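Quick notes on the structure that follows.
So that you can tell them apart, the chains are marked A, B, C, D, E and F in the order they are listed, and the count of residues begins at 1 in each.
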Amino acid sequence: MTMAGEEKAGTVKRFLFVNRKAPYGTIYALEALEVVLIAAAFDQDVSLAFLDDGVYQLLAGNDPAPIGMKNFSPTYRALEDYDITKLYVDRESLALRGLDTAAFIVPVSVVDRGQMAAIMAAQDVVLSF
Amino acid sequence: MTMAGEEKAGTVKRFLFVNRKAPYGTIYALEALEVVLIAAAFDQDVSLAFLDDGVYQLLAGNDPAPIGMKNFSPTYRALEDYDITKLYVDRESLALRGLDTAAFIVPVSVVDRGQMAAIMAAQDVVLSF
Amino acid sequence: MNIGILVNEGPYTHQAADSAYQFASAALREGHTIHRVFFYHDGVYNGSSLTEPPRDDRQIVERWSTLAREHHIDLVVCVAAALRRGIREQNLAPGFRISGLGQLVESGIQADRLVVFGD
Amino acid sequence: MNIGILVNEGPYTHQAADSAYQFASAALREGHTIHRVFFYHDGVYNGSSLTEPPRDDRQIVERWSTLAREHHIDLVVCVAAALRRGIREQNLAPGFRISGLGQLVESGIQADRLVVFGD
Amino acid sequence: MLHTVNKSPFASATLSACIEHITPGAALLLIEDGVTGAVAGTPAADLLAAILGRCPVYVLQPDLAARGLREARLLPGVELVDYAGFVRLVVAHEAVQAWL
Amino acid sequence: MLHTVNKSPFASATLSACIEHITPGAALLLIEDGVTGAVAGTPAADLLAAILGRCPVYVLQPDLAARGLREARLLPGVELVDYAGFVRLVVAHEAVQAWL
């Protein structure tokens, strides 16, 4: 948030971060989060979409210590401190995987496919990793 | 074939190279072929399995010059010079993709899934990339 | 039009780096400008000065350097992703610079389009 | 038992390098020997001496070097794959050596098992 | 929105995920291994055929040629573009979403 | 033969390809993102259930725990192993085939 002033004259764009990959098997989820925080620091209008295997990123109770990795779930909790509250989760992706947002680490908005498609269509910049 | 003598006292193992990825989108097909040639040079009992998107590797008429890449199809033609003749292609993978071995760059044995499974089960070393 | 490009994969293993280069070249031929090419994740390997592919293969890193020199394109490698993967000033190819993720977000804000290439 | 290992992916991006390390460590704890760890494709990046991950993250390259030193494990980086990707003697981490694909085939022949980790 | 898909639909669920989220006015461009999805008579081509009425579908011709796939085999209605055409599609749509 | 699968069956066709080629006497071990396939009630678990009678199915527990998936949610009949168990499976089978 401190670096927000270093560039552009107040342009605010709608940035959507699309998360479709499971955590830990690849680094994309973790490195995507780093961009999300920077986009917030630039005072952009940030949304996150979780669909397909991306929904696994939000499960609570991760314990990657036995495989020598760091649990990065706390970063999702920190999003609120950056005023990032638009987290959209695809309902059908949850259902197909037998998951429920009750097991999620942060509050999210569950949307159906039509709503998710509309959210995607309304963006200025879409980042996928 | 010339470097065959540099190691082991005549041990011959059954090596299977499993090709399940399309060419050009990733480098796996090309780098797998390099290992195949070395295994032959070590006088091993080499087989190649092509299934799923791996069947695209054998299509003739590739023209990757417009995307700046090198056509490595001739390497498949060279396999015969290394006495590598056991090329097995999964029939169902072909059918699903609307392909036919008539369009292939080298002669292959088309096998059904049961036969492919039996070939896989009979190997000493299975390399997948 | 001013176009930003994000490259998420390294050279040779995935086609993403090739597609990004071909796209950038075509955009220049069509009369557009490239705001910046940002390299993230394994994309940072595109900036390695130590690659030595077979002579009859395309020279991906050199190709980026040439594009930067001839068209004054800003090639930026993400510092955090680069440190994690062993790309530093000492093995950075000509035309590339190392900077932060702010440069990617800035490209999203300032460019008319941001096109992503990855795996 | 004598076990060979093939690693096809680089550090951090895919879990393959982690899985291979955890598997190798467990095999040693179980009383087996590691014939060789061969690094191919992007796996060659595991041998980069220049990686500098965040301090609170695992140090994948250093971990391999330590394993090699403490258990006399042969870590071999494929020369052709390494040249293509910018890994050379000058940025090769301790405990690794650069050699040809024959070392992979030899591992397949000499080891009792060859276990592949990739993407 | 211009959607790009670079994965083979036989290996990956990416194309079907994209198609489920495409809206009228958007376009779909298949690149890299994604071009395999446009061959007529395959399950992926059936998915594409279902959206062709409301969303144009393009295939990057250089990627098709690289893989030895012939234009004659393509699903009717799918349009071929070269890299210049790719650039024009990017310009013609307000944003681009890469399905990776 | 010990078969390993490291891909999510929701994203990739790898698990189903493996299952189509598994023979009696072989075993299947799910690792990395592949562990998501063993959660009961999913299409992947149905595929696994169909082979459990002739091939044992193992799940790498540390990879399951890393992803926050609970053992109680697993398909009944699937067995958990740690890395030592992974090593023992490799030793117990004459060869290993990684489905990547």
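Here is the rule we go by: contacts are C-beta pairs under 8 Å (C-beta built on N, C-alpha and C of every residue); 3 or more make two chains touch, one makes a residue touch a chain.
Bear in mind that the values here come from a model prediction, so they are computed numbers and not experimental data.
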Output for shared partners of chain D and chain F reads A, B
Shortest path length from chain E to chain F (each step joins two touching chains) = 1
Identify the chains in contact with chain B as well as chain E, in label order.
-> C, F
Once the Cα atoms of chain C and chain D are superposed, what angle does the rotation have, between 0 and 180 degrees and to the nearest 5?
-> 180
What whole-number Å value describes the gap between the mean CA coordinates of chain A and chain D?
-> 33
Between chain A and chain B, what's the gap in Å when you average each chain's C-alpha atoms?
-> 40
From the C-alpha centre of chain B to that of chain F, how far is it in Å?
-> 26
How many Å are there between the centre of chain A and the centre of chain C, using C-alpha atoms for each centre?
-> 25
For chain B, which residues are shared contacts with two or more other chains?
-> 20, 24-27, 52, 67, 69, 124-126, 128-129
Among the residues of chain C, pick out those that touch two or more other chains and give their numbers.
-> 8, 12-13, 15, 19, 22, 41, 57, 80, 114, 116, 118
Multi-chain contact sites of chain E, meaning residues that touch two or more partners = 6, 10-11, 13-14, 32-33, 62, 82, 95-96, 98, 100
Interchain contacts, given as pairs of chains that touch | A-C, A-D, A-E, A-F, B-C, B-D, B-E, B-F, C-D, C-E, D-F, E-F
What does chain F use to touch chain D in their complex?
-> 6, 31-33, 62, 82-84, 86-88, 90-91, 95-96, 98, 100
Once bound in the complex, which stretches of chain D touch chain F?
-> 1, 3, 8, 15-16, 19, 22-23, 25-27, 29-30, 32, 113-119
Any idea which chain C residues touch chain D in the complex?
-> 10-13, 41-42, 45, 48-54, 57, 61, 80, 83-88, 90-91
Contact footprint of chain C on chain B as seen in their complex = 24-27, 67-70
Note which residues of chain D are touching chain A in the complex, please.
-> 12-15, 18-19, 21-22, 56-58
